[in-house]
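What follows are several structures.
First subunit A sits with subunit B, and in the next complex the same chain sits with subunit C.
Let's turn to the complex of A and B:
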């Protein structure tokens, strides 16, 4: 065995590679999924057809998929803005909870006394602040003490999760609905603080808002001095120092921005879907999936929209599968497929960027 | 006195600490080689569901433990190929592994949800030693896996500090380029230790159904233990013996909740559950600051793919 694999960076990436890679990843993941489905006695073709029909063929299906995609776009942006600077804030999940806590507070406390537009704005602004506040320890420790942000942001995610559960299940807090006694629930936010939906569909102004934010992030990264500073600090801290860019402040700002976007994901979820602080309905792994969305989109803000819509469709189809006539397919199939597609896509990404060589190892002379 | 609630809680803390310690010891090995694997939760779930099914089919505890561990290792092999050979981001790959593992385990486990498991690990009392006050039930009346885990912690400590291979492993995690120039096969070391990490995570998951609660449920079987294991590695600053002590502390904090409820003290469970994570942050910030990092901190090359030609 004197063969080894060598990777060589491609000088020119052919445009169709970036289409071929995700397509082959999806095909490969569907094949792997088919094996598991067949072993468990399901007909893979029927399951896949049901998946596709549930999410992408009817107007209701598509709009449902978009409503699942909405928070994924937001958490994808949160992860993307930090990851492209090599700042690994993996706590968008926790920042989403913090945003939901702060946003639902605004919706309950301020929503009644404000006109609709202002009430919604209050929810969203508070949720951004909540997310930022939750990212503050991550950002400050990273910028000024050099503490590993991967660990702090991951740990804070669980602090956020238990804080949210505490507020609803563990105490009679402001957020808990006093009228419901058998199973604790969050208090509903005022109607004025809801982000309206389109007619009878499940998606609405939340999606519009999120897409606008994606464009804003894209413009920030591409056209502003702040975006330029961020990319310099991210790619070469030494060059940033030489250019007189205040690296610490840029790191702090980028992580806070990332946290704010994660918080906004929580605010949008509360204002357009949950309408209360709902620990079960909010802890869906949206923050963690957002990281993968961002990575598959290569951290491009507009690419994130496309990837999120696809994954949103997959997640949405899970519920539809369960009601499939004849064979009751568990909803988790869609989670399994999602994971498989992600892993294959990560692998395929490498073939886009590198050329693989099998080389014979030269005989070593000592 | 050995039947007092407090002593029983201490004994239960040992059992609660065991899967956390097993998974964390595995993660410690992987991280010492420079590979962060955030897929612990997924590997544990797969280990648990596979061990449950093997246990039901064969009725043999040890076969179930072995097959569950191998299932964890199989999942970690995916991580190894993607991050070591193909240089994919360790963070993104690890998280995807958890998503895939959770989905697969739930899908496979759907048919066995709520079913009881006929076999489980039982505590074996050490004769008269088990009757000693306090330490009897805590130390001398546990199941074999509890002891195996403690021994394993010390073996890994010895391996890292006193053996040549262990020294090579540390150099691979601290400075792969230097290790490479010394003729140490960096990729091979990383593969082996990532696989060992998966094996132990699978074993931890298997122990959850074979030793703790003999039934399967995606919601409560791991209940985030994989993430606590990740925290524990940091909390113990990558030292195996400290990790064992930390595992007991984390296990204790999980049991404290039941104990306090029994005593009529109402401390919200949610706030107690936060403790391990908060403690980890504090440890990381206090001991992980720049000046001390060289002595107690993370392996220097943690999270970075090693590419010979680009150094």
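Let's turn to the complex of A and C:
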């Protein structure tokens, strides 16, 4: 072979590379999805059009997409803040459950005796604490024993899932509604603890809150000593040691912050949508999708908002696909596309960092 | 390439050309490593490739031995054009390279390492046969080695011999030695030179890569000087001088400036180590080290790499906790209390690893200026940016801008940014008194190295206490008022620079007791 591919590190990163990579990942994923749809006998163009129309053309469609995007922004932030330090907390899913458990406890127990603002605050604060507590083993083992956080955070996700199910299905716990006798359900939180929606739309103050949190995380990362120390520890532990930055504490703090953000996702879901500890309604893979959101946004807190809205629309359209006239497109298509987008987004990273060269070997001089 | 010159021949010499490069060009991303390079190695000669770091010597050598392929131009072996796709093909043509960083397997014996990867080796190894031949080769060329010794038990100098034997075993007639003396004591280097001479007397040709003028003059027959990827001169050693070579190397005359302190030193030491011991895996990396540096003087730590210098630096900087003993800065005990405590007491530290420890490669230069500074809750980049802009001007730092990532800096510019941060800090506070610098000029070109030495001298003149840790003995001797030699973690020699001879220091570096 006289042709081969060579990778060269880019000397200069142009700002638009970071937009080009995720965009091409999305386009590539849609192309792969189109092939799949065509093979299954669907018209890809019609399916994508239906997808877009369901999520982004009507006011109800848009607000529905935003309501799905709301928890995704939070889980995206949870993943992003840790990932940018090369700490792979992939357990936002479990931290979301823990946040939901703690938050719904506050909503049930404290909600009825507090004025609305305080009741909502109690739910949110408790959910953050719940998420942090759930991430504490991950954080402490990572910081002080060097345990692989990918494994601990993933395994704890199942602990969270079964704990949540146990509290509702497996026991007559505080969270279970004793009034419902047929299929077990969670006790409703007090009305005062609800995050209000806008009119008859499905999105509301929860969205405003998470957008504010995203801006706060962005400011923390960019403008504070905490964010600075996190960048140093994340990119060069030797430099952190040299500078006297306490790496272990920074790692601990970052993972706890990540867990807290994951917990808040659960709190927001409880306060604005589920209104109870609902094992079915909460276990939607929102935490795992947050990883896709963060990766596609290249861990940028404000980019996470944009990506979450896009993926929220994709997920929201899943249901609409099933009811497409004449075609019964499975709702899973939207999740399949999401997975394909992640794969292509990770693949695209290499093109951001490196330049591809097709080299023709010089002809042999004889 | 011009066709009127018969390739691979040299009218000037009667001796055959063993290896030649004609019009060789090699590009790397953003770098023209070799530009239209001509090189010619005669049979039985020692030919030095001389140049500063980054001049393109190693790239040329890599192309000569088959590690890289030239983008343009042609390599000739005994007058015939050859194309080497790998070092193995190079060896098949009798060309072998001894790398600066050894490629040996520590758990294997000398003989096993030598036969490793030999294409002629049959599936069933014959260790006896190999040991016999290794013994033969090592005797013939004055490379004393026990073929049955395990490599991990050998000294650095012995390991280098294994590398050389390995190449000779494969039947190489052309040997490329890449900065072979970098890891050797002066005495070991002498032994190496004797080996080189015995090889050339048997008709082998040696390419010697170096930037140390003294040894170049001592060992080579001819010198090809490179600068910025081009050949700037080819001279016979007998017709030239070290000064002349230095001029060819840097393109302007240089002087080996000797700088000394004023002799006025502070009453009390600013930096003190008392009976410092550092144990690592049951071994004393530092053993009973006691030294002090007063304000107004530079103390130089000399020694062959890996004799505890790195650990001494981090221990004195408060980063590594000594197993026993104490470290004081301005009278305050900072041993193992962390970098912040040391800085607070008045110590700054420029580590040997610039990009990765001293600077964070992925952060902007502005952010890097903040690394060792006290930071308030909201990071104040404005002051850092202004300070950096000033340093860029004053230190003539070549950087794309204050917001560029540190990773794009060359070694010299990275070192300037580091020094700007650590030294200007010292100048501003007035009461900051001690500076530790590890390998201050390693990898820097002569201009940048001079700048750095002058800066360190200035810190001394301004009353600061400076500890320079360097493997470059010439540098230590040209800068330090006092020299301390470290061998296996112990201070084996110390005294005023003027009173110690190179021989004394060399013996001490090699651990030879008088």
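Throughout what follows, the second predicted complex is superposed on the first by the 343 of 366 C-alpha atoms of A that agree within 3 Å, B and C clash if a C-alpha of one lies under 4 Å from a C-alpha of the other, contacts with A are read in each partner's own complex, and residues count from 1 in each chain.
Basically, a contact is a pair of C-beta atoms (placed from the backbone, for glycine too) under 8 Å apart; a residue touches a chain by one contact, two chains touch by 3 or more.
Since we're looking at a predicted model, the values are computed, not measured.
When the shared chain is aligned, no partner comes close enough to touch A:115: not subunit B, not subunit C. In the overlay built on the shared chain, the residue A:199 is in contact with neither subunit B nor subunit C. Partner contacting the larger number of subunit A residues, of subunit B and subunit C: B. By the touch criterion stated above, A:285 is placed in contact with subunit B alone, subunit C being left untouched.
In the superposition on chain A, A:36 makes contact with subunit B only, not with subunit C.
Contacts of A:178 after superposition on the shared chain: neither subunit B nor subunit C is touched.
Here subunit A touches subunit C in the complex through residues 8-9, 11-12, 223-228, 231-232, 235-236, 238-239, 241-244, 355, 362, 364-366, going by the rule given at the top.
The residues of subunit B lying in touch with subunit A in their complex are 36, 38, 42, 78, 81-82, 85-89, 91-93, 95-104, 106-108, 110-111, 218, 224, 227, 230-231, 234, 268-271, 273-274, 277-278, 280-281, 284-285, 288-290, 293, 298, 303, 307, 309.
Note for the complex: subunit A touches subunit B at residues 5-7, 36, 40, 88, 90, 137, 141, 145-148, 150-152, 154-156, 158-159, 162-163, 165-166, 169-171, 285, 288-289, 291-292, 295, 330, 332-340, 342-343, 346-347, 349-350, 354. Interface residues of subunit C, counted against subunit A in their complex, comprise 29-30, 69, 71-72, 74, 81, 83, 319, 338-341, 343, 349, 351, 353, 356-363, 367, 370-372, 375-379, 400, 408.
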